[in-house]
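First chain written, first letter: the chains are A, B and C, and each begins at residue 1.
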Amino acid sequence: MDASATYQVRLEVFEGPLDLLLFLIKKKKIDINDIPMATITREYLEYLNHKERINLDREAEFLLIASLLIYIKSQMLLPRERALDEEKDPRQILVDQLLDYQKIKAASLLLRKKEEDELQKWKRTALPSLFPEEETDFMEVSLYDLAESFFSLMRKKEKKKTRTIKRKEFSLEEKTKEIMAVLKENSFLDFLDYFSQQESFEEAFVSFFSLLELIKSRIVIAVQKGPFQPIKVRLRQEAYLKRK
Amino acid sequence: MMKNRLKEVIESLIFISLEPLTLEKIKNVLQEYSEEEIEKAIKELLESYATNERGIQIIQSAGGYLFSTRPEHDIWIRRLFKLERKAKLSSAALEALSAIAYHQPATLAEISAMRGVDSSHTLKTLLQKKLIKIVGRKKSPGSPLIYRTTDKFLAYFGLTDIKDLPSPEEISKILEEEKDLEEEESSVH
Amino acid sequence: MMKNRLKEVIESLIFISLEPLTLEKIKNVLQEYSEEEIEKAIKELLESYATNERGIQIIQSAGGYLFSTRPEHDIWIRRLFKLERKAKLSSAALEALSAIAYHQPATLAEISAMRGVDSSHTLKTLLQKKLIKIVGRKKSPGSPLIYRTTDKFLAYFGLTDIKDLPSPEEISKILEEEKDLEEEESSVH
């Protein structure tokens, strides 16, 4: 296949920001252990800029890695009192994550081959029943099945009562104000904590978009010390000063 | 395709078919082959099952070919099915079990009310499987028996404590998402 | 019962079982026979299927034995049932599955961190397909639910045991191959 064609195809199928990063690194033929942060951060941001239609659901994830890249880049640019090798290289966290991710990708490639083989084998999973229906209706269940069964039961009951609770509506504007209020009160907002406080999926969704808007308009910044670390949102310095 | 390959294809078609597979259907699938080729391959296939000593056989039934076990193995097959039934839960049992798990201690009347079905038979099964136990009587008219899940229940579901059951929030989130997705899909089509 | 009879009984048990039939279950059904007799009969049965040219085969899957058709007959079987190719898992689902398979038990947060993508929706799909299951909670702040792959996962990928997952060596081989391929490409352009 033509190399440019593969490039085109792959642009649409990144499984996430790490996938995109790996692709950019491979394209540049860079050793993962020695990433030139300036180049790769620029490439990454260029990709985000050029992509005409970003899947909103996933934009935050791409932005989070972008902020991590910028963070690492800035850490490396800062003058240091101690030599770099005395501290942990800020790139190492990213490198470790990329190496682990690369293994997962490779494993899923191998599983895909097995899947293809298996899907061509046919099994008699639905033999005509030898016993009355009631007796053969047996299954292996997990905790999820148990819980799901209970909540389906509850939902059936809810429907019977035909009680309708009007959903509270949330506007982007309101949520944006709320987030700004929290940020002015405290210096930062814990991303996950904040979302877990949302009462409904809908409310969390609106909050999410408000936050995205704030990040896009450069009023707030989302930072993370490294993978597995809590994501914190805080006001940008200039916006903070202006508001003061 | 070589001749014995054709025989193998027909074998796999009969194997996978849940109903007796008619000659007509076989010919339909194998359009590329002449009727003679197909009939010859079937004959060879049947002969190979008749001469070899095998636990399964191809029988002709209702105008088609079908795999079946041999009648003399019936006793073993019944044993196997009994064994498998023992190890598993029915969907009714699962439903009653979930009602007890989340609402314990619970009485028969309460469980039946939650499910909208009389659950006495199901509770008996759960008691036999030792997934629930009787822990006393409720101080209310009729003093009904009250039930709780057992340690075996915890072990079955890999829990260390009953508090570790997935919470309403966790599961309803999963179920809600599912609903949203369905709505999205139906609006597209 | 003669020795080859035992082989035939086991053949019929595997045939009639809807799921991979484990050695343990076979032994349970055939209590009257010694473990040696049973294991020998199974070995003979597998050999007879491996050496004869047949349209069906016995595969080892999720710790048990199961009849299946041969992959090369897929096209004919789909013709019989008028079916398209069976749907594959999405790449996202496959990626999350391998993350779980190699790091189990794992929490949603761990899986999401490994992939750099929120994986709650993907996990839901995998739960519904019963390729993963909730096995309890992690003893850490927030007590998140922990997930493991299921026996259905093993069966889906034709694995007998979780130990049969592609090894670290196989994985690094794939990564090496990819590297070589890129170098080749770059030398061409």
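Throughout what follows, contacts are C-beta pairs under 8 Å (C-beta built on N, C-alpha and C of every residue); 3 or more make two chains touch, one makes a residue touch a chain.
As the structure is a prediction and not an experimental result, all values here were calculated from the model.
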item: Chain at the geometric heart of the assembly (C-alpha centres); value: C
item: Farthest-lying chain, centroid of Cα atoms versus that of chain C; value: A
item: Between chain A and chain C, centroid-to-centroid distance (C-alpha), Å; value: 28
item: For chain B paired with chain C, centre-to-centre distance based on mean C-alpha positions, whole Å; value: 19
item: Chain centre separation (chain A, chain B; CA means) in Å; value: 36
item: Shared-contact residues (touching 2 or more other chains) in chain A; value: 122, 124, 126-127, 140, 142-144, 147
item: Chain C, residues touching no fewer than two other chains; value: 16, 67, 69-70, 73, 77, 127, 134-136
item: Of all residues in chain B, those that touch chain A in their complex; value: 12, 15-16, 18, 77, 81, 84-85, 88-92, 94-95, 97-99, 101-102, 114-116, 157-159, 165-166, 168, 170-177, 180
item: Complex contacts: residues of chain A adjacent to chain B; value: 122, 124, 126-128, 130-131, 134-135, 137-157, 201
item: Complex interface listing, chain C residues touching chain B; value: 4, 7-13, 15-17, 21, 25, 28-30, 53-56, 67, 69-70, 73, 76-77, 79-80, 120-121, 124, 127-128, 134-137, 143, 145
item: Partner chain C, residues of chain A touching it in the complex; value: 3, 13, 15-19, 26, 29, 58, 61, 65, 97, 100-112, 114-127, 140, 142-144, 147, 227-228
